[in-house]
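Questions regarding the structure given below will be posed in turn.
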């Protein structure tokens, strides 16, 4: 499962930064060559790139895919209207060659590229876009993307203006709307309309279908799927991008995804030269690979901290209705800010960085990692670990020690349990280190590894837990992708989700800040608002942020134009430009 | 004979039915379902998750779902995979084929190695070579399968002589028919070897003790007393008689083989039912788990049935009674 | 010194009377589940008298052992009656039958397998007493030692395990155990056939002594007509599950009625007659 | 030094087998040894039947196994001398020994039910013996085997030839083992209680057959049996064993008429003196 | 060597080993949870007798070359260190050996947290051996109950129980373990959780011993001395208790000695699934489980040491089982 718990998709809500919106005038003329030209070093055509996937893609249906392997493959097969450039983290034109935003920020008019064809040769136009959004928004389909496309409580409406123009309307101004289109793959109406209308859409485009049943606008198209082994993609001859020398993209003749079920096996196969690129692997394996970097034909990159943040949080839910008296009693500690501060002060973040990540991680004190350069707040304090300070804080809150064990003001010994996901070795290790750290405060901690489903059940339904170590990845650098986490009525407001009204003043303040940044168009103003959110997190410690692991990638030396990014998909985002020597 | 077969098959069907009921019930025990983790996705609303649940009928009580599933089974439908958005049966079919290829090969090797080894150590009972062999097989028994497989993997990685995973190389598509077979054999070698080594020690011990028992039988002494050469005594007299317990052992070893192959497949990335099962277990893709469990039960039942039929073919004493 | 007696005369009441006893086995073949029935024996009438030995003779597979086991109440017959002094034993419940077991005891062909190898001789002999809950531990031991002496075993070897005794000694051990509960009927199942000639005669002597002193009724199963001629008062000949001839021993040997009996008798030759034949 | 007194009077047979001071001691699992045969000496002339009697467990079978070299070094210690046709068997190599087994000295086992391979057709079991000693094709061996089976009085039908042992009666099975033993026309047959496992009628038939074959083929037999009647029918001379020692040997009739050892007397069921019996009861006999 | 001698030898070795484990606190230089965050994955410390000049020292010493200047720490015996409890009761703090702070002696290297593997191995034995014993006992006792009943009464009872056994072998028990772990309250200690999970495994594992015991009982009840005892009027309970079940003891003991190592290894699987002993408690399972990670496997050879130490230990178990089996066989003859 690795770090995939973190559910945030690359296509996330975001605020189109106003400057990006500067609409390029649609080029007149019906030039069939409405191709997008990319800068960058031209490469060689042909060749095959082999990449490992942790598990098989479950479906190639962009509407239904929820798991990362499926999305990884779908990304190569499809295209979106407006794309977030992984290197710059800014939006850029894709199938939409340009777009206009109305004055009130509620209307987006997109000019589509002309003369584009799906990978089966069928032409692409506004009808495909309208159809795609119709499907995504259909309540009966249960697309997980639907929720993204609901702004201000109402679904976006899509109108075909002409064959190559579409207009989107939102219920309220929505600053990050440009980013919203990222990852929303445009579907071929000619292939999918029948199954959609016929009610068989939930089975459409699963992998048991013949390759010619699929088509997309991405750089590649499906060639062959061998269950349990691999899926092979071939170059899409109708792809709509070219390099600056005018060569059609992509360069690669084929992309092969091998199914390699474990991280270790992936590392081994990369080391053996079976695969050409590698991402999402542990720092320990990074170290193993590094030792042989010189002799084998690959190179490794440590891109520094990504967008993942790992944290410890306590159960602050209102347990009135649940029959959990034991936990309810302990909540008097958890609700005490000084207690949380003491815990935060006692945790050896550097120790975690060193022992769990071999140094390839960064200690953090709030949710925005140093990797998110646009939004990180430099003013957040980074206090060193101090057991003394922790003791002072506890003493001031009325705690004392008896035979070395911490007791609360009522004389009850302080002990609690930390849930972790049994399948995530790193987080279990973090919890173990916290356990040891807190034992120095006289706190007895039990680490309870549960299988992930059971853990989610406790966090989200039964609230039968005391504390937990979790991690989240922002799918996008933009704070909008985190709305659900910081809004008090959010479902991922982990420590106390789905609040009817904010339980604490600071949560109420956060709600205000998050909602305001959503409709603010100016980056600087939004940054100010989000900085305040970060400060609240650092001060009130609803989650005690601990560490952000670095993004580690590797690629065979023969892969050209390899420019990994800290945003998913770390290594292959520019697969249309990759080539092999 | 046919009567016997139908009875056996009826028993097997009953067993499979029981396995399915209990498995289904067990699968409901652990909290959380396939869609639970989606709740943690900041972008997916609870309503959507409920919609997905309803779509797959997860909101209904399990006996109802079981009935539905069972009805499907009789029409060749093993239920849907949540993760794959597709029926389970075709998912399983290909992987079952690969698993059979792997376990079949490993089984063949294990028996081909174990039979001579077991015989030799039974004949040389108590001699140093037997004792040394005993220590080696016991030592192999004590090594956890997991560590053994990883060590083999390490060997492959360090030496570079063998592929480190997968069933075919990336250039498989360009190969000729013969080249393809060679390629599969090349990839099959290490996982099959690992599996064979893992099952070998127990086999050798069993074969050894079965042979020792037969070699102590009076008719062996009688054969020797008639001046029949040791070689013929072993092959013509002892082995066919020892075959009887060994064939039963073969039936049992199918189960051992299957559970060991799960690990091998995961560690050496063999595209069999192992990785599928593990993934499905962790993701709570219940019908896939159920299908896999049923499949391995079927293998198990078939293994025993084949063993019985073999016994019937080999042992005239059994043959004559009916 | 054999008493002239006719089975049918009814001069004395028999101690144990068996009437119309039959047993059927339902068998299954290994690989086919079809059932078929086998008659172990059918419609058997026997009478055992105190102080007399009835020999049950027949070839292997004739059903002698099955019959003996049923009479010893070890197996359940399918039909018929077993009466001990007029009391129908088969009509008794499990509980009521327990003390009856003390009255009828059986000695097996292979004494080795009939004794728990991990017990000492003393324990083995005392076991029936333990089962029936008789006496204290000390009393039981005393009785065991007495019994050992009675059957010609050295009481000092009470602590030895069965495998430390020789075949003949083991059979004596088994007899001692059979006597422990003071039975009135003893059933011997081929107790002589695993022994050499010497031991055979010694055991026979022992049995005769015991019979005399305890006035026991013996049912002695054997396939060896020559031996039977040495000890039997009455002989019942069994062939394929049926009693073909039942007779006073002397009469039977002198003038067998049934052809089967004659055939069987023809095989019995004394050493002298063989030597005579050879030299001729 | 030959025991001339034990030779049949007037018989001037060539000595086939001479056993001198044979000792057999079994090794048990705990390293100790258990003596089974002690200082046994005897001779068998060509065509002679020597009876061997003794109570069960007295070492009769051990002698038989020692003669055939079937007691492995790890199993038992065998010392002394066994000369067959003048050749020392105890020091003989395994290959040579194997050639003697079956064709020079062969053996009929006590229980044919377990001495025959349960999963091999009887014709093949006999053919195997022939195949081991004669340079013949397998087909020829099978034919020979059939005639060997017919010679021991089995009906000449394919049903018998291709039967498995469990399909035959006890007497028939014993005839198969007899056919095996006689297939290669050995000079000496060791018959270990050949009739103990069959019923009375078959027993007689078998003994008659054995007697007849012995005369026809001129083979010598070491007849091991505790039955006086069996010995009386075949044995020229008799040897009585007790607890691993040979206590008496001589012409059968002489021993029968005038047994000198109480054990012999008991074995042959000769009239016994009361004091002898008392003496035997506790001390000797078991 | 006779089987009895072999058995005695094996038992002596096992007893010695259990002694080491029982007094782990004394033999281990450190506590099982003591982390040294500066030294994760430290290689085993070399114990020297000769110094760089080639002089011999009776007192062994170690050299710490990690810090900037190499320091020498003599190995001291009967030093006082981390407090522990002898056999879980009597508090003590004397350790067999140790070095002065800040020196560290890692005879078997250190793990990812810089904990002494040797100490963890000894302490880990306590939980693993106990777990193996409990699970094996459970399996065997249910096995004897079910196998005994099935074998003794036969017929449909036998059929039912044995089919049940087959069923048990085929079911996906992993879910039960998941479920048990997930359903347990949070407050009970790791140790209890562990024992509970292991017990569940033991409870599930009855089918194989039951099958074996059934076989023994089946043949035992047909033996003549059982029939004979029935002839004295013995009840079923008496026969089972006095004659039939004692005959299964050999198989039972053999099964126990075989099952203990098997359950110790099964704990590795538990740990693999994250259901093993909770940190920081040690067990052999957790120690072996770290080998599952490729980087550990390929980079830190000393992490193999616990696995290597287990091989001779398990061999002793197997030897004991073999000897038991042989002895049982000869007794049964």
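To keep things simple, chains are lettered A, B, C, D and E as they appear, and every chain counts its residues starting from 1.
In this section, contacts are C-beta pairs under 8 Å (C-beta built on N, C-alpha and C of every residue); 3 or more make two chains touch, one makes a residue touch a chain.
These figures come from a predicted structure and were not determined experimentally.
Colleague: So which chain is farthest from chain C, going by the mean of the CA atoms in each chain?
Modeller: A
Colleague: Quick check on this structure: which chain has its C-alpha centroid closest to the centroid of all protein C-alpha atoms?
Modeller: So the chain sitting closest to the middle is B.
Colleague: Go through C-E and A-B and name the pair with more C-beta contacts between its chains.
Modeller: Comparing C-E with A-B, the pair joined by more C-beta contacts is A-B.
Colleague: Approximately how many whole Å separate the CA-defined centres of chain A and chain B?
Modeller: Distance between chain centres, rounded to whole Å: 39 Å.
Colleague: Taking each chain's centre as the mean position of its Cα atoms, how many Å separate chain A from chain C?
Modeller: The computed centroid separation for chain A versus chain C comes out at 89 Å.
Colleague: I'd like the Å distance between the centres of chain B and chain C, where a centre is the mean of that chain's Cα atoms.
Modeller: Measuring from centre to centre gives 54 Å for this pair.
Colleague: Roughly how far is chain A from chain E, centre to centre by C-alpha average, rounded to an integer in Å?
Modeller: That pair's centroid distance is 43 Å.
Colleague: For chain C, write out the residues touching at least two other chains, lowest number first.
Modeller: In chain C, nothing touches at least two other chains.
Colleague: Considering chain A alone, which of its residues make contact with at least two other chains?
Modeller: In chain A, the residues touching two or more other chains are 265, 268, 423, 451, 454, 457.
Colleague: Residues of chain D that touch two or more other chains: which are they?
Modeller: Touching at least two other chains: none.
Colleague: Applying the document's contact rule, which stretches of chain E touch chain A when the two form their complex?
Modeller: Interface residues on the chain E side: 33, 35, 37, 40, 112-114, 178, 181-182, 185-187, 189-190, 193, 273-275, 278-280, 292-296, 298-299.
Colleague: Chain B touches which residues of chain A in the complex?
Modeller: Residues 1, 5-9, 12-13, 48, 50, 55-56, 58-59, 61, 64, 66-67, 139, 142-148, 202-203, 206-208, 224, 226-230, 232, 256, 258-262, 265, 268-269, 271-272, 274, 423, 451-460, 462, 472, 475, 481-485, 490-492.
Colleague: Name, in rising order, each residue of chain C that touches chain D in their complex.
Modeller: Per the stated touch rule, the residues are 59-60, 152, 154, 165-169, 194-199, 201-202, 205, 223-226, 263-264, 267-271, 274-275, 278.
Colleague: Residue numbers of chain B touching chain D in their complex, please.
Modeller: On the chain B side, the touching residues are 126, 217-219, 221-229, 232, 236-237, 240-241, 314-317, 320.
Colleague: State the interface residues of chain D toward chain B in the complex, per the touch definition above.
Modeller: 65, 68, 70, 74, 98-103, 106-107, 109, 111, 114-120, 128-129, 132-133, 164, 166-167, 177, 180-181, 184
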